Every structure is written in C-alpha cells, then in structure tokens.
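Input: a single structure, listed below in structure tokens.
In this document, chain identifiers A, B, C, D and E correspond to the written order of the chains, with residue numbering beginning at 1 in each.
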Amino acid sequence: MSTDATFERTTNFETDAATLIEGLPGLGMVASIAVDQVTNQLALDQYGTIHSEDFPPVAAFADGRVRDSVRVYGGTDPAVLTLQSDVPIPPDSVGSLSRCVVADLAESFERAIFLAGAPADSESEVGDVVGVATSDDLEAALTGAGISLADGSGVIGGVTGALLDECYHADIPAAVLVVRSNPYIPDPGAARTVIEDALEPLVDFEVDTEALREQAEEIQRQKRQLAEQLQQYQQGDGRKPTGTPMYQ
Amino acid sequence: MSTDATFERTTNFETDAATLIEGLPGLGMVASIAVDQVTNQLALDQYGTIHSEDFPPVAAFADGRVRDSVRVYGGTDPAVLTLQSDVPIPPDSVGSLSRCVVADLAESFERAIFLAGAPADSESEVGDVVGVATSDDLEAALTGAGISLADGSGVIGGVTGALLDECYHADIPAAVLVVRSNPYIPDPGAARTVIEDALEPLVDFEVDTEALREQAEEIQRQKRQLAEQLQQYQQGDGRKPTGTPMYQ
Amino acid sequence: MSTDATFERTTNFETDAATLIEGLPGLGMVASIAVDQVTNQLALDQYGTIHSEDFPPVAAFADGRVRDSVRVYGGTDPAVLTLQSDVPIPPDSVGSLSRCVVADLAESFERAIFLAGAPADSESEVGDVVGVATSDDLEAALTGAGISLADGSGVIGGVTGALLDECYHADIPAAVLVVRSNPYIPDPGAARTVIEDALEPLVDFEVDTEALREQAEEIQRQKRQLAEQLQQYQQGDGRKPTGTPMYQ
Amino acid sequence: MSTDATFERTTNFETDAATLIEGLPGLGMVASIAVDQVTNQLALDQYGTIHSEDFPPVAAFADGRVRDSVRVYGGTDPAVLTLQSDVPIPPDSVGSLSRCVVADLAESFERAIFLAGAPADSESEVGDVVGVATSDDLEAALTGAGISLADGSGVIGGVTGALLDECYHADIPAAVLVVRSNPYIPDPGAARTVIEDALEPLVDFEVDTEALREQAEEIQRQKRQLAEQLQQYQQGDGRKPTGTPMYQ
Amino acid sequence: MSTDATFERTTNFETDAATLIEGLPGLGMVASIAVDQVTNQLALDQYGTIHSEDFPPVAAFADGRVRDSVRVYGGTDPAVLTLQSDVPIPPDSVGSLSRCVVADLAESFERAIFLAGAPADSESEVGDVVGVATSDDLEAALTGAGISLADGSGVIGGVTGALLDECYHADIPAAVLVVRSNPYIPDPGAARTVIEDALEPLVDFEVDTEALREQAEEIQRQKRQLAEQLQQYQQGDGRKPTGTPMYQ
C-alpha cells in the first residue's frame, strides 16, 4: 500500500473557481508540453508542491538550480492552476497523488481538465481530440466548446485515469481530453492543437502557441539527440533516461 | 493479502429469488458479451456498484461519461441480476470480489450462474456447453435444461473459479456454464449459443439474440482493428490494451 | 509468511493406528496416481478436507459437481488415511499444509508414508524404489518390506520434503518412498510398481492394480491429448493447465 | 520501506564549517576515484562509519583486515569530510543513507559537494563538468570557481540524486558536479579533471593528482583483468562482481 | 525482514576456547568438502542444530535416515566446532543464521575460521590461499601460519561475508581463508590444500587427507553424473538440483 502524498502551499493568493489543468508526463509528452506552455505563456506563479515518499528519490533541476519534481502553478486572470512534474509518476504513486489532489487541492479549484495522449493510427489523426466528463455541466461544456465526446465504452489508465476516477468518486467535476498524438516521440504539434482546439474554448483563455511551435521544434531536435544517447545508454549499462536528461 | 471490496447499492427495488448471472471479462470475452446482451435486451437497471482498492485505478467510460468499472444490473421480471466489469479483474482481486459478492449481494439472489470460456479445439466445438453445479437442485436444473455435466474431474480457475469456490463454501447454489469458444479473439457466436442453449432454458427468459449477432459482427470488426492497434502499441511502448480501447 | 491451513473433519469414524499415505501432485504424477488407486480400490470414504487461504482460489470438480481441492480419505480395514489434491500445492503453501497435517491430523494416524517421484535416468530404472525414514522402527519396517534405503546423503524437496521435515521435528514416524519415474509425463507404470513392491508389503494390504494398468493407459491417452492442448493454450494466452483440464 | 541507517562517530575532532565531499560508487567510478584520492592526499583520518540493515551483508577489507563498508573521513585544514563506500549503495538503501547524512552528519559540515558521472558522448567531452546548486550562495560559488551551470531542466538519479534532494528539502547548501566520463570502465582521467578543474577552486585546497594519474593507470589495468574475470564468473554461476574483487 | 534462526544444543560437553570452522555450501563446494573431512577425520560428535523458518522447507537425509539440514559438530581435543549444511543457505537467511551464530554459539568458541572459494583464473592458481582477519591477534596468527594476507581492498559476499561482518561488529576474532578453486565443479583438491596449508598450521591439528583425496575422486565421479542429471532435469521441468541429489 502506498504512503500519502502531501501538498505544500508556497504562496497565499486565492484561486477559487479556478480550472485545474493537469500536464503530467505520459504518452507523447503531449500533456507535459501543452501545460508547460500554458504555465509559461500565462506567466503563472508557483502555487505549491506535492511531495511523497513514493515519488522517485531524484533531484530535479532547472537552469542550474534544484527544484521540487511535482509542482502546482497558478494565476487569477484567468483563474487557472496547472499540475506539472519533471518525472513520470510511478504506477505505485498514482493513487497517493490522486488522493492528495482531491483532498488537499480541491478547495483551490472548481473543475479539473486532464490531458491524455492516445496513439494516432495515422498522421492525419494527430491532434484529434475527444472528451469524457464526470458531470452534466462538463459534458455540456465540452460540447459547447466543440469537443466531441468519446464514442462507445472504454477505460482510461495511467495517472490520468486514476485522477479522473478519484474526482468521479469525490463528485468533483472533471473532464479528460484525449489527444491523438505520435506515441513514439514528444509531439508538440499535438500539444499545440489541444491548446488551440480544446483548452482555449473550454477554459476561455488565450495562449500564444507560436512560441510552442518553436519550442516544439527545439524539443524535436533534442529528442532525436536523446534517442541516440538512449541507444548508447542501453548498450552501456541498461539504464533508461526518463524523458529528460538523467545524470549519475 | 488483498483488501476488501464493497458493494454500494444505487437503487431500492427488491430482487429476492433472483438469478445472478456473472459476465466478467475472460477467455474469448464470451461471458462479457453474453451478459451484456442479457442486460441490454432485458433492459435491466443499474442495481449497484462494487468497488475495491485492489481494482485497477482506471476510469471507465461509456458515451462520453465516466462510470464505475464493476457494476451490477437487475430486474424483477424475470428476476435477474447481472455482474459486469469494464476491466479484467486482476488475480489479486478475485478473492476480495468473491467475498464481496457472497457477503453483500447474497440476499439479493437465490442462485448464481457463472459463465466461463474454454478454448475450443476445433470450429465444430465452438458453442458446446457443459455445466458444473454445487448442489443437487442445480445439478437437476442443468440436466433439466438439457445441459451436459462436465466429464471427469478438473479445476476451474480465474475469477469464475474463485466465485464458484466461494459460493460452494457459503452453501449458495451455484453453477458454472463452460462454453467452448475461440480463445484468441472475442467470440459473440459462442456468446449467442450459451444464451440460447443454456441460459434461456435454465433461467427461463427470452433474449433477442439477433441484436447480438449484429453486435457480434461489429465487435469482430472492432477487435480486428484493436489487434492491429495492439501490435502498434507493443512496438511503441510495450503496454497492452485490455480488451477495450485504452487511452493515456 | 503463509497463513494457516485448517482440517475440517466430515465423518466421525475412528482411524487410530492408521497409516497416512500422501498422494499429492508432483513429478510424474506418480504419487497422485498411486494413491488415487489405493483410495478407489480400498473404497475409502471421505474423511475430511484441508482448506487454506494460501491454496489457489480455484473450484475443483468431479462428475459435474464442485468438491474441495484437498481431501483426506480413510478406512478402518486396513486402517489407512490418504491425502489427495486436485491442484499442485503452491510452494508458499507447503509450510501451512505441513503444519496442518501434523497439528490437526496427527491423532488420526500413527505413521505416515510419503510418495515422491524422482526422474529415472533410463527406462530400466523406472519403478525402482528407495526409502528414507525418521525412526528406527520405520527404518526396520522399510528393510523388512524389502525396500532399499537411499544411499549417501541428499535432500528431499517439494511438498513431500516439507511434510517429512515437519513430521521429523514433531517426532511422528514417517518414511518417504522415492520412486524412479518418467519425469515428463504421468507414469502409472511407476505408480503400479510402488504399490505392489513397496506399499503392499509395508502397509500390509492388497490393491488390485489391474484396474490401475487400464487407468494408466487411459491417462496416458488423455495426457497426450492434454499436451496438445497445452501447446495451443500457450500459443493462445500463456497460461498453463495444471495437470487436469482447466476451464476459464 | 527501508530501515534506518545510523552514523557512528569514531573520532572526536571537530569539523564545523567543513565541506562534505561525496564519493560513492557510481557511473565510471569517477566519484569514488576522485574522493579516494582526496582522502589519501589530504591524509584525512577516519571520522566515523555509517551502518544500515539495508546495506548488503558483506565484509569489506583492505590489506588483510576487515573494515566497515561505508566510511566518513575528515580533516580540519582544509576543513573537509569525505563519504566513501566499498560497495555500491543498493537502490533500496539510498533513502535511509540520505536521511542519515542529513540527520546525523549535518552538524559536522556546512555545505555538501556531490559528484556524479554522466556518460560522455565522445572522448573530447570527457572531463567536462557542470554544476547544479540548491542555494544562491552555492550557485555563486560554482560560477566563481569557473564551473558552468547545467543547461535546461532534468533530473539527477541514483544515490547522488537522493542525497541532493534530501539536502534541498533540509535547507542544507549542496551542489552536484556532473562529470562527463567513460560510462563503461572506471575513469581516473575524469576523476583527475574534476579535482583540478572543479573541486580545487570550489573547496580551495590542493591535491596532488600525479599520484592519481598513476593510480588511474593501475586501476585501468586491474579493471581489464576484472572484466576478464567477470566473463568467467558469468559463465560459471551467473553472479556479478561489484566493482571490487568479490570472494565466495 | 527475515525471522530468527535458533541453535538447539544436542550434547552437553564443553568446548570453550574452541575454534569454529565454517564449511557451508558455496563456490566449488570447497568449504563443505574440507570441513566435512575435518568433522569425519577428527570424529567430532554432533553438538547441536540450527533451525530457521527461513531455511528451505526440505528434508535432509543420510544413509536412509532424515537429519537436520544445518548441524554443528564439536570435539575437545583439538577444541574444534564445525558448521555444516546439506543445503545452500538462501540469501534471505544469511542474516538470521549469522546473528544466530554470534548470539547463541559465541560462548562455545573463542575464534572463528571461515572458508570461501574464489574462482581460480588458471589451474596453477588452484589451492592458493589468502586470509583476511578482524583482529591483530588473528592477523598475526595468519602470518605465523604462513598464510598471505589478501592484497588491496575488496568485499567478501555470500554467507561467509555475512558471518564475517557479524563477527567483526560483535568483536569476535574471526578470519576468512579464501581458496582459489575450480568455480564450476566441486574441488576436493582445493579442499585438501586449504586443510594442509592453512587449517592445520592455523588450528594446530592433524587431518588425514588421503581419505579426502579418494573421496574427492569419488565426488568428482558423482558430480559428473549429477551434471548429466541436471541437464535432464532442466529439459524436463526447469528445476535445478542443489548440489546433492534432490528427490520429488
């Protein structure tokens, strides 16, 4: 059984009635890339951090400084919280993270939007978005924003599925946006589309995605480089880098 | 040791003297397909849900809305309960699920019929049904319905075996119908046969299986598509979809 | 750490001074086959069952009816108890089963004979029997019955080794008969030899092994069939049948 | 969950305001080799030992005498502590080791420098050093010593990442020096460079690395020998030596 | 976490000031073979047994009779205890065994000699012995007996390393004799050399090793036979015999 994760608030501005947008590492890194862009373009402040004994015992860093791996950013105009992580959430930790978000963060937001990548069967499918909601209001909001509901029945797994299931049982309005994307490498193109076609109409904000397009191309270049390093790593010691460069 | 599963009742109609029909995912999806058809054709209402910390932390959905993964449906004419799941029950959870069915649901039904697929050795064997019972009455009922008893000795595993063993030790009349089916892909043909040749005479109801035949053909088509996706998934990241399309 | 196994007595006849003969599934199925024949030919009654949370959560059946997987049979003339199982005892459960036999069953028998198959190096070795005893009396009994003692030193593993070790530490007279048998498929020929050459003189009873010879040939035929099914199973879903046909 | 590690102090000299330099076994053995040289050249005394039930149950030795596997050395001029281990710290133990360093050793030092090897993509990259700090002061110290800050974002894993993360959360000033080195065999060349280019200006001491160059060549020779033994080990019994010769 | 092992004393003669000689199964079986010879040639009596829930649940036997797997033998002239086992000590049990030896047996001996095989790189290295000690006295005793100290630094693993580490922390004088031996098959030649060149001068006793030479040749023959059986086992059911013939 996993231990508890805890949210530590590092600012004191109020964000009630905010929309929580989740951008945790997953298929195609599409959620990470899209939400990182939202955080940067809206110039959100760090709102707090989530910590758990279950998370990998690693040190995340940016620009030469150590930082917490799992962070929440926020702003009031528009009223938005974002959830980001420098490391993939291990399967054993998704339960404690989900319970933490519902228990400790729920007062800070009134609805949650989760992002999940799904493998595109073809290039033309990339960027297609369908939604699944937990409530009548959010179902109407999805439809009103021009987002198709997912056909038929199915299941959503990973950390997104756990967060969605936890919100559903806690009666927190939540929706997941499933974006078709390249399953093999980070896909900033799909990230850009989910922002423009789904997040902007649904949350009602504007995000400059020209910067994303450039960042996407830069990431594409880095990832090609990483893929080559990955091959060398695996030939060397069998360890896999985790999406961002891993030292030691 | 697994934690407990709990049944939460979501309606208040009475179903005493009902027959519980189990349709959990398993070999050939034959139980799932057959019982889904029974639930739909008899227009059963959702009777309750079963939840456990042991179940996979995923969000199930249908037609764009999140729902509980493991559900019980019921009706009074005929008096039938069905047990269905959008996700395969993991081996670690079959014990807690079985104890939950016997402890929390036993007052709602007077006998249980479990369905299990067994691999057919040839096309001509598909749809052959044999039964195993826990009591004299159900053995007589099987024979009276024209269902052959299983020859020789053996064991029944999986979630069906665990449910049958739990009922046997709790003195709840129960029988399993073992249906020969295609072990590799969903087999609505076998599902249709077990309804017509075994469930209808045994439970004494009528279910329109023409719809099932069409649905079966549709599922066959979808599954061929899924098999192709499966291959792409596995080449991509090693994860396996679980019988229904899996996003994230 | 394993949980406890418990013996539940289902009859009330007395069997003091009885010999317990163990016939649990193992190499070559030789113990199972031999003891099944003893139980049938001596027309023993079911004496009780052994149950444990550790045992596989499966439903065993015979002739269309569910039964307990691990059963004890007994009779008074000759005074014999037999221990049989429809499923292999998993390694994690051999400890609790052994402690249960010594704690709960010890009053019902005065000595125990365990059967174990060992791989024959050649056809001519098949049926060779050597014995190992825990006490002077049983060592004399082995020798008196014309059974050679095992040469040199070694160890006996599996459920038989655990039972023998438990009896040794509990000062219960016990012996193991190690029978050379075909390690790849069930070997009723070795089973027949261990009955005629070892069990009959040691326990002082008569068992008709002509029926065993026929049954052996029938099992041989079924096992060839099972081997073919096994291959199909493994190509299909990776699950292995466990010696008897496994549905679901 | 891991048990606790404990620090036992074996001397009584004071080392306040010291710099702790970590040299635990890792990629390229670069941290081990560099810090071993620092300990030897500065003629540091053994300051204490760290012990945990989680550490591998092995006996470390040097020159025919058993010693503790994980040792802390120290001196007052310059004020330096070093942390060394004869065995790689297993992943399950990095948490308890990190907590021990922060809880039991923190009074003995005022800042910590961790060393980590990163695989060099080419020969010309070997010896390149970048730094990551937890505080403004240490960031300035890195820059002042001519050490580049790590570009972009990423994560640092292994025992170094765990120690850095623990210091970060305990507000202990800490920095990691990431050294590009040969990922396949011990790299004393990279160890020499990190001493001369980073440790000497950062900690303000002088260490004779001519001895290291010779030692490096000796280790290179021994490691080639070990690699041959490794191959023989693996063909023999599947066990792997752990960087130093392993008997039994 | 492992459970406790307990020593049960089966005789009442006193052995204070004795030397404990460990001969547990390990690389090349060299410790087992050498110490078995010491026990037999000195005609030591069984002194007690060590039992643990962690040890494999198997029944050991010799000459047709069950015996405890882990046994201590002893004598007073010379004052010697030997520690032997019919089964390899599993990695999970080395901790509890080591603690048992130090806690329950320490009053019966004043110093411990452990034997460990190390793979010889060539035929000419076979029988080379080096020593590692925990105290000044034993280091002097090693040197006085003409035994070289191990060069450089390293680690000693397995049950021998755990015993040595436990003695070191309990301040019990102990030494390990590392013998180069054939890593692939039992090596009675190395066992004979470690007796004549190291144990005899160190413990000051005489052991007839002519018998060992013959026994060695006999074991060589048996092991060639076992190797053939091993191959057949593995083709049959994937189980490995553990150095002595394994039935069931």
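Basically, a contact is a pair of C-beta atoms (placed from the backbone, for glycine too) under 8 Å apart; a residue touches a chain by one contact, two chains touch by 3 or more.
Worth saying up front: this structure is predicted, and the values here are computed from it rather than measured.
Under the document's definition of touching, what chains do chain A and chain E have as common neighbours?
Expected: D.
Moving only to chains each one touches, count the minimum steps from chain B until you reach chain E.
So the least number of steps between the two chains is 2.
Over half shared or under half: which fits the residue numbers at the contact of copies chain B and chain C, same or different?
At the contact between chain B and chain C, which are copies of one sequence, the residues are largely different (under half shared).
When the C-alpha atoms of chain A and chain D are each averaged to a single point, how far apart are the two points in Å?
A distance of 35 Å separates the two centres.
Distance-wise, how many Å sit between the C-alpha centres of chain A and chain C, to the nearest whole number?
Centre separation, chain A to chain C: 57 Å.
Can you list every residue of chain D that touches 2 or more other chains, as numbers and ranges?
Residues: none.
With chains as vertices and touches as edges, which is it: line, ring, star, complete or other?
Per interface graph, the chains form a ring.
Can you name the chains in ring order, beginning at chain C and moving first to chain E?
Listed around the ring from chain C, going to chain E first: C, E, D, A, B.
Give every residue of chain A touching chain D within the complex, in rising order.
Chain A reaches chain D through residues 3, 51, 53, 56-66, 69, 86-87, 229, 232-233, 236-237, 242, 244-248.
What residues of chain B sit close enough to touch chain C in their complex?
Listed in rising order, the residues are 1, 26-27, 94-95, 98, 116-119, 121, 130-134, 139, 142, 149-162, 164-165, 168-169, 174, 176, 178, 183-184.
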